[in-house]
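Lettered A, B, C and D in written order, each chain numbered from 1.
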Amino acid sequence: MARTKEAPSSALAGYDREELHRLLYLMLLGRRFEDSAAEAYALGKIGGFCHLYIGQEAVGIGAISPLREDDYVVTAYRDHVQALARGVSPRAVMAELYGRATGCSGGKGGSMHLYSAEHNFLGGWGIVGGQIPLATGVGFAIKYRKQDSVCLCFFGEAAVNQGAFHEALNMAALWKLPVVFIVENNRFGMGTAWERVASLYDISQKATAYDMPAAIADGMDVLRMRATIQEAIDRARKDGTPTLVEARCYRFMGHSMSDPVHGVYRTKEEVEEEKQKDPIRVLIDQLTEAELLTEDDLNTLDERIKEEVEDAAQFAEDSPDPEPDALYNNVYAELNPHGRLFFDDLGR
Amino acid sequence: MARTKEAPSSALAGYDREELHRLLYLMLLGRRFEDSAAEAYALGKIGGFCHLYIGQEAVGIGAISPLREDDYVVTAYRDHVQALARGVSPRAVMAELYGRATGCSGGKGGSMHLYSAEHNFLGGWGIVGGQIPLATGVGFAIKYRKQDSVCLCFFGEAAVNQGAFHEALNMAALWKLPVVFIVENNRFGMGTAWERVASLYDISQKATAYDMPAAIADGMDVLRMRATIQEAIDRARKDGTPTLVEARCYRFMGHSMSDPVHGVYRTKEEVEEEKQKDPIRVLIDQLTEAELLTEDDLNTLDERIKEEVEDAAQFAEDSPDPEPDALYNNVYAELNPHGRLFFDDLGR
Amino acid sequence: MAVITYREALNQALAEEMERDPDVFLMGEEVGLYNGAYKVSKGLLERFGDDRVVDTPITELGFAGLGVGAAMVGLRPIIEFMTFNFSMLALDQVFNSAAKMLYMTDGQFGCPIVFRGPTGAALQLSAQHSQAMEATYVHYPGIKVCTPATPADAKGLLKAAIRDDDPVVFMEGELLYAMKGEVPDSEDHVVPLGLAEVKREGGDVSILTHGKMVHVSLQAAEQLSKDGIEAEVVDLRSLRPLDVETILASVAKTNRAVYVEEGWSVCGIGAYVSATIMEEAFDHLDAPVLRVSQADVPMPYNKQLEKLAKPSPARVVEACNSVLYR
Amino acid sequence: MAVITYREALNQALAEEMERDPDVFLMGEEVGLYNGAYKVSKGLLERFGDDRVVDTPITELGFAGLGVGAAMVGLRPIIEFMTFNFSMLALDQVFNSAAKMLYMTDGQFGCPIVFRGPTGAALQLSAQHSQAMEATYVHYPGIKVCTPATPADAKGLLKAAIRDDDPVVFMEGELLYAMKGEVPDSEDHVVPLGLAEVKREGGDVSILTHGKMVHVSLQAAEQLSKDGIEAEVVDLRSLRPLDVETILASVAKTNRAVYVEEGWSVCGIGAYVSATIMEEAFDHLDAPVLRVSQADVPMPYNKQLEKLAKPSPARVVEACNSVLYR
């Protein structure tokens, strides 16, 4: 089994300043955006489940930032930062969290179900592991059309135990479908530590079962994350070879806004310690060290982002709810001329 | 991963004559029984799907013969020989194929669904891979009750691709459940060769993904098969450690009685060549060579078996169909005193 | 009688039955260390240990099937689905293994198992997390289904379900967990399957319902009574076995019925009960049985749309008025 | 018009639509090299190559989901389930992904996919292989369902299903594959979804049905006509969209209806149609709508028991007689 090496540590090489600042921008945007979402949730402006990515930003941003426009991204319900990294506007994402008609899913999806056809962002899925076969199908379509784009598929480590993972990876490897399977190993599925539900700790090793290349990525360092994914992307573009990438990271917040940050399943101390490795801090230090970022740069950037996030929140606030008749829109693409599709007392 | 060696070839060591003759008896019984079933099927006395084990007898018999009474067996729809090896009477099995009330499933199951509580024979399942979680549950129950029995779980190689396999093996390894997972790798799932649907050819290697011991067994040699399984059984009894055993074998007949023996998916020549390795021939030669079997022994044994099989067929012939009211028996174990359980026009 | 929450009632039932029978165990995601996603199993791991309160990997098909296998050899598993939405992954093991076990083996192997968890919508959880799956389960013979609406029924029915020798699908409601109500203190508070309960008496119209919708129906009944209409609210409690007797008795009295369900109407519970009533009480009916259900669409996230989609007291009142031709 | 088998009709529809639209592909177990477990895809691999006729591993959940993903980005997959019994493993991808795709994305991503294969019982295949799953599928909004009973409908409806932009569950019958019938030769023989067909006219009683049971119903109608009863046999053909108009028109004419279905009755298709008729044509009914269905048990293997379990012309006649109070 081809097993690729981890990305080199001195990973600034090969990036120009602008690119690095773009990454820092995305990292900070993701963080500020979710801080704002957390506030809005506390105020009841966002409902349902809301899963934050705080602490894991390097994974999604490192993986998505090298993509081409014609590439695809599929992920789970912890999807805010992936959407932003893919270029979906903070306004459209925040409006979706608020359930507004201007949201990127028209207010019908909410936090767990973000989509943007314009950005080839395929969401936003709530059934653990369910998006893995979907992404494999996107890979199938790419190959079917003899294109050279790739599909990134994100899922949490707990999804690895699902049958869907096993079935999809076999087909992806068998048919050489250009999919990069990225395990966001934040070490917990809700309140359950990976080692309590897996007989094999090393996730990347599961790729052997499919004769698929694998890699372990440092999910707390956006540059190393990106370098590792880049190799997988290149491999997929070249001849469709899929890769299983285990991105080691950590969730700083609770599983969702309604779950505790720590408790029976992990200690406050552990969380505090992990926070020392904050991926944003890591990047800032790398840039400062390399004299590519000054205190001023950072403050200006941060100001700009704060404004952008406030603007997004304001936009969401001011946006209208969907019209009542949206209830029956887009259930079906085709309202057949014959017969009845809807049966309920509202239609009576 | 602990990987056990294949069983030694000169495997007669450690067996007394009686035991070896018992194995030969089972092998021949299985073969003669299914020859008779095939005839009955051709005559329309057996209906539905009927999957023969001809050519694979060494797998089931080699694995089941070393079991204790308090051990369990779970298998798929290709289950005639497993049932016989477990001690279910040819009469009860044949009567079930005929759909008679005297059948081991009361005529309700048929060829694919043989059961015998008395023999801890848990069937007899028709959904590819569906029995793997069931067997894992039996293993769970054994551990729960702190017993030292084991559960053998048979399934075809094509079932390995099912999510159920992945989910069950992880739990079995994680919780150390005393299950021996036996892949009957006859190289085809219906008309599909394993290599056409699997990205990794070596099935035993899939055990690495669960940090589970694995073994490859010669499924065309009942003694080597038995030796390999014995090691797995011992491991399971000792501390619950499960094993994945890949038994390499070959199906001499079509997938089921309604499928061709060869055709687009394999050549007549291939089948003929494989038939040279007939496991019954192999055993007879081993015994003859070791001067543990004479021509006479063989003939007497075969005569006895022919009679036994004829008797079974006659018994099935003479047995009654289930009573009409059996239709509603055993749908529910408990007919609650309140409310209605059945809704149909027959009940009107 | 103590006043406790629906959640506590379920917790008591679990604890009491695990005390009572060592073969009973609880298995599912987060049921142990995390005390349950909705805290229904709070304290059980500590009390019964991790042999009997088992946290699973996220593998609905796998652990449902594992439970069925364990039940085959005599254990009495309680399998928790964090919500029934996720049980769609496990339906093969429920329908093809559990529901057919006793029949295919002609009585040799039984399947005394309970599959439990919340069904239906909570608040703004969107399409994948807001499905009422009663109709999907009750369709398959071999399965029993119950849907408690109150703390007393939650405890009594769960105890009955655990003691039942058949596979029982036990459907709770996330929005019911915090609801308080009186629950008999006795350890023998068992509500038998198949027994409906008239939650409110009335002679003008029968509102037939189950689960969460019992409360929506009771609110509707209150509103109706302001207009001098006395509605009888019949909580079926079990959907299979179904208490046809009580249903028909109420219809014979009121000659009018409305079915209120949280789920979709196509091949829904309302269709099942409505068609049964027509077959067996046609001459008692002064009006067609009408059904109130979720809007026939996937559940939207937006709060207003979700509100529109869910059955409301107003919609129940409207349906009652139309069967009363008012 | 050529006389061909139901199997050939499906094969023609597949070939013509794959010819017509390069985005259409067929995927499933044994569909390629083996020409299909029931030979429906005979010759397609040779004709279209293995990019478009794809043999899969036995992973119903996986390849159903793969199809949905491919449909998201514009392909038009036809996913064959060897039989719908096995689709129980794939229901999560059908209900949680395909059925909700367009809605959750508010129209951004569609899901033009067909899930097809045989539903219901053949002969003595026992409990796990003999299930009619129409009711399970039609319950979920976002899905369309059709169930052709004749070669002409098989071809015309499959072409319509493949061209439809929504997920269509297309349910065939193993026992129908060998059935012969006239099929229009034209490439444009498309039978639109949502259009029922009166397969036999009659004024005394309406027999409403779909799929295989159309033929059982027609036999029953012949028997009835010997007694001077003229039954109208309405083949719904599509279960969603449902041709309520044609159903109500027939009931308005006969004032009596019987629903005949192969599957179980609890939350079945008969319940759905019967409840709908009551709601919308109560005053036309001179008798309750009765239902004929599979015995409410898992399908037994034994030939005699299986025969008892399946709807028969005799049972249909009996139901018709009782709605005629004879």
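As a working rule, a contact is a pair of C-beta atoms (placed from the backbone, for glycine too) under 8 Å apart; a residue touches a chain by one contact, two chains touch by 3 or more.
Because the structure is a prediction, the values reported are computed rather than measured.
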**Message:** If you average the CA coordinates per chain, which chain's centre is most distant from that of chain D?
**Reply:** A
**Request:** Sort out for me whether B-C or A-C is joined by the greater number of C-beta contact pairs.
**Result:** B-C
**Complete:** Chain centres from averaged Cα atoms put chain A and chain B apart, in whole Å, by 45
**Fill in**
Here the gap between chain A and chain C, centre to centre from mean Cα coordinates and rounded to Å, is 36
**Prompt:** chain C to chain D: how many Å between their CA centres?
**Reply:** 30
**Between chain C and chain B, distance of the C-alpha-averaged centres to the nearest whole Å** = 40
**Asked** Tell me, which residues of chain B touch at least two other chains?
**Response** 105, 107-109, 113, 125-127, 161-164, 167, 170-171, 174, 197-198, 326, 331, 341-343, 348
**Message:** Quick check on chain D: which residues sit in contact with 2+ other chains?
**Reply:** 56-57, 59, 61-62, 85, 88-89, 92, 96, 103-104, 126-128, 141-142, 240, 264, 266, 272, 276, 279, 290-291, 296-298, 300
**Request:** Note which residues of chain D are touching chain C in the complex, please.
**Result:** 61, 85, 88-89, 91-92, 95-96, 99-100, 103-104, 126-128, 131, 135-136, 138-142, 240, 264, 266-272, 274-276, 278-280, 282, 285, 287-291, 296-298, 300
**Prompt:** Inside the complex, what are the residues of chain A that reach chain D?
**Reply:** 72, 74, 105-109, 113, 115-117, 122-127, 130, 132-141, 144, 163-164, 167-168, 170-171, 174, 326, 329-334, 336-343, 348
**Fill in**
The residues of chain A that touch chain B in their complex are 161-167, 169-171, 173-174, 197-200, 205-206, 208-212
**Asked** chain B touches which residues of chain C in the complex?
**Response** 25, 51, 56-57, 59, 61-75, 77, 92-93, 96-97, 102-110, 112, 141-142, 144, 164-166, 192-196, 238, 240-245, 272, 276, 279
**Message:** So in the complex, the part of chain C that touches chain A is made up of which residues?
**Reply:** 29-30, 33-35, 37, 55-59, 61-62, 85-86, 88-89, 123-129, 264-266, 290-298, 300-305, 308-309, 315, 318-319
